[in-house]
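Heads up: the structure comes next, in structure tokens.
In this document, chain identifiers A, B, C and D correspond to the written order of the chains, with residue numbering beginning at 1 in each.
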Amino acid sequence: MKKLINDPTKTVDEGVAGFAAAHADIVRVVVDPPFVVVRQDAPVPGKVGLVSGGGSGHEPLHAGFVGFGMLDAAVPGAMFTSPTPDPILEATKQVDAGAGVLHIVKNYTGDVLNFETAADLALAEGIEVQTVIVDDDVAVKDSLYTAGRRGVAGTLLVEKLAGAAAQRGDSLDRVAEVARTVNSRVRTMGMALSPCTVPHASEPSFTLAEDEVEIGIGIHGEPGRERIALEPADRIVDRLLEPILEDLPFAKRDRVVLLVNGMGGTPQSELYIVYRRAAEVLAERGIDVARSLVGSYVTSLEMQGVSITLLQVDDELLGLYDAPVQTAALRWGR
Amino acid sequence: MDGAGLDGAWTRRWIEAVAAEVARRKQELTALDRAIGDADHGENLDRGFRAVLGKLEALDDDATPGAVLKLVATTLISTVGGAAGPLYGTAFLKGSMAAGDRAALDAAALVEVLTAARDGIVARGKAEPGDKTMVDAWTPAVDAAAAAGDDVRAALQAAAAAAAEGAAATEPLVAHKGRASYLGERAVGHRDPGSESTSLMLRAAADTA
Amino acid sequence: MKKLINDPTKTVDEGVAGFAAAHADIVRVVVDPPFVVVRQDAPVPGKVGLVSGGGSGHEPLHAGFVGFGMLDAAVPGAMFTSPTPDPILEATKQVDAGAGVLHIVKNYTGDVLNFETAADLALAEGIEVQTVIVDDDVAVKDSLYTAGRRGVAGTLLVEKLAGAAAQRGDSLDRVAEVARTVNSRVRTMGMALSPCTVPHASEPSFTLAEDEVEIGIGIHGEPGRERIALEPADRIVDRLLEPILEDLPFAKRDRVVLLVNGMGGTPQSELYIVYRRAAEVLAERGIDVARSLVGSYVTSLEMQGVSITLLQVDDELLGLYDAPVQTAALRWGR
Amino acid sequence: MDGAGLDGAWTRRWIEAVAAEVARRKQELTALDRAIGDADHGENLDRGFRAVLGKLEALDDDATPGAVLKLVATTLISTVGGAAGPLYGTAFLKGSMAAGDRAALDAAALVEVLTAARDGIVARGKAEPGDKTMVDAWTPAVDAAAAAGDDVRAALQAAAAAAAEGAAATEPLVAHKGRASYLGERAVGHRDPGSESTSLMLRAAADTA
């Protein structure tokens, strides 16, 4: 796998440095402990601070969502590896304006444990922290006998809506409640056409034959739920939507935000082919697509594939979705 | 090599041996993680133990076992990340607390240290034996050390052998914790990477004692 | 090459349909003649209309740039194939508000000829049309003995700045002059790590060995200037920047917009690694990066690779760059 | 088969044969374009000639050669796109204008038609002979037809043979027009796809006459 990198051990450092330079109007970067991407004007007086983070390789998640109306800081770990507590603690301190800090954590053992330690340390320094765990991936059985559902593309919507709540001045309790509500109403399912290769690895994270696809893929090149023969896009969309719709469940007359998310290596034209069928199925079911978002937002390096996310919304959540946002990767209303 | 307890010099030797072994077997650990995880376990531990080596140099020559273990703990916590970082970090932290300021560890103290380490992992990760995690190497190792009598070196040998068996025994299991739990039946037939790195650490302990 | 498509002959239709559905707040689509993506509120009274188009497979170019402050219509042809005159004529009619229409055409024989015919037909119907040819690719020798330089990622900047000029109410002559000025000051050079495969083709457009990259690649999988062994990203950036800097030439104290553009299959983290080095080189040369844009905007399906574009700006051009834009793929200032 | 001129029925037969040949050799034409262009020439022409077939059905049975050629022209212009669409479209359009409302084409008229077609391509595309484009097949074909005397079928055979040679002769050339011109020396050794499709068209003309 050829990559546009220099030293494989420095891809995260250099990527963050480039990001910081390109978006100096929006963010600044703390390099020690490495790395914390902070909103340029943080801490914003009176505002609850929002911190998220996780392994790198999912860009623009999370650093691309730092800015007005969304995150106050993002903590990028090593490639596909949760960050350690030190930078998470640093981020928490940098964004605390006295109103407390919310940690938005994707449900992976490593992320949960490292954020947990950081929250304990922050508390010891007198910062009020609440944590919301995102686990929107319906590909994984949520039971006592697994690590629980993974946090995948739905994370973007949790960050957007909680970010809007914080921006309008909600209290920490209230922002955390918004985040939990969004998480409880958002469901995602993904698939891959091709694997990804972490820069330090000599081989891809998994292999697929020329006629195979992986259904229920995670965002770290973890193997998925099942491996099937390649099918037309419309059939694949049906396969992804079915478990999503059943799970919440989504019902007739529901209003939803529909997110079609590319895994990194998928051309936009294919995302719109997927979107077309998803919108068609939802229309058939009488579900109202109130808002749409199509793009590669929560990725796995150069993996080819797509995930579909549905968020059930009411007027309040829709208002938070529509609220102005100005980050490197998401901008509207301002 | 005599009947004396395990002192700070041994602890240091042990950790250096772990670092060397992790560096040597990095690809292998990552390959295990590729099969049922996210292909970074070897990389993660190698990053951590390279950092530990750097810090060890600055430590006093006469540091106690507990002081060495504490340094390992804080360094792993702040450099490894992922699941293994906090779990091994907690293990070494609890182990160092159990070691206290003893100048050397006899067999009983060793069992206390190993038990505290294992309990720390369980308290953080909530895994039970049979969940296909590093706990499946730690638990038989603790039991074997406890049963080995009062020769600290024999206890370490017993722990290393039991950890190796425990790691091998994860292969037929379905995972209930960690990333491999997403796979259901597809995890069967693969060894848990964390149980293998635990086995590596305890083998290095026995070999350097 | 696995793709998320249904029928290979319908990828453009279905992609356009999905795009139209997802962005119904910004655009509408004319399906006969197929296809014209038109700004929702076109024709905008009193405003010069901007039409661009070309082969599909470069998304978000051009449809993603239709909207306030940029294009009034985009005409997507078949995959990598210039559209025919009919839809170009239709687009021209749909956006003409009496102030005339500017055609922005990338310099490929097919595009030039088809837009030429459409412009003749529009003129015959009494619509004033001017045409600006974009040819920013320094990889190709511009001489009497070639078809001339290709239009590549710089097209985005021509469309943005001319779009802003039209939006502020400039006359057709003036908008065309802005477009020509931008084209005369913008330079691009690209490279590929991997080829792309058009949906109807059984094989990739070219092949590269596991250790080879193609320097000076076009955006249709056309072979490039030379094939070299894979190098660290920084060396590749130097190779791309050198001919760009020499060509205009760009000089000390110049102010520039720096666009680092992904070819479709390149992860964002790699684009930022490229950006980092590009910014470093420009700083060393005393060139001031006034604005930065990093993303996959002018693509070649799932090709992995990158292009670097520099636009020399003065206060007026910078103002046009900063002017509000609200399209599917580019949004700021509003 | 007799000495009569080429009528509307022949023109239709010819175009149907071109459509069939383009469909059959689509991949081959695209493969030529893959080597030095953008891998769509066969696909482009096939899309166009399939559309032509659909429209031909609706045309009057007694349509003149000029009427058939005009239909081909407008259909290619509005369905092919790319460089080949306008160029072949112009060729057929100018050819149809040269044919006028003649019921059949004799050798002199054929030469007029071919000349007008070639001149149309040159006027639009500005290519000269030797630029490695379809002009390199058209120009020798026009010359050969003009030199063939007054047997219209012999003229077509001569044109087809000359076009085939002209297409083959593009192989050693560096291109100065079209996408292949971006390649410089790297285009050497590859046949120009448009010259090959021109050869295909004129071969079909000869074979159906």
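Methods note: contacts are C-beta pairs under 8 Å (C-beta built on N, C-alpha and C of every residue); 3 or more make two chains touch, one makes a residue touch a chain.
The model shown is predicted, which means the values in this text are computed figures rather than measured ones.
The distance from the centre of chain A to the centre of chain B, with each centre set as the mean of the Cα atoms, comes to 32 Å. Centre-to-centre, using mean CA coordinates, chain B is 76 Å away from chain D. One inter-chain figure worth recording: chain A and chain C are separated by 29 Å, centre to centre, where each centre is the mean of the chain's CA atoms. Multi-chain contact residues of chain B (touching two or more other chains) are absent. Chain contacts in this assembly form an open path, with each chain touching only its neighbours along a single line.
Looking at which chains touch one another, you get A-B, A-C, C-D.
Every residue of chain A that touches chain C in the complex is listed here, in rising order: 2-7, 11-12, 14-19, 21-23, 56-57, 59-60, 64, 193-194, 210-211, 213, 230, 232-234, 236, 260, 264-277, 279, 292, 294, 296, 299, 301-302, 304-306, 331-332, 334. Looking at the complex, you find that chain B touches chain A at residues 27, 30, 34, 36-40, 43-44, 47, 77-87, 124-125, 176-179, 181-184, 186.
Across the complex, chain B is touched by residues 33, 55, 77-86, 108-110, 113-114, 116-117, 139-141, 145-147, 150, 198, 200-203, 205-206, 218, 220-223 of chain A.
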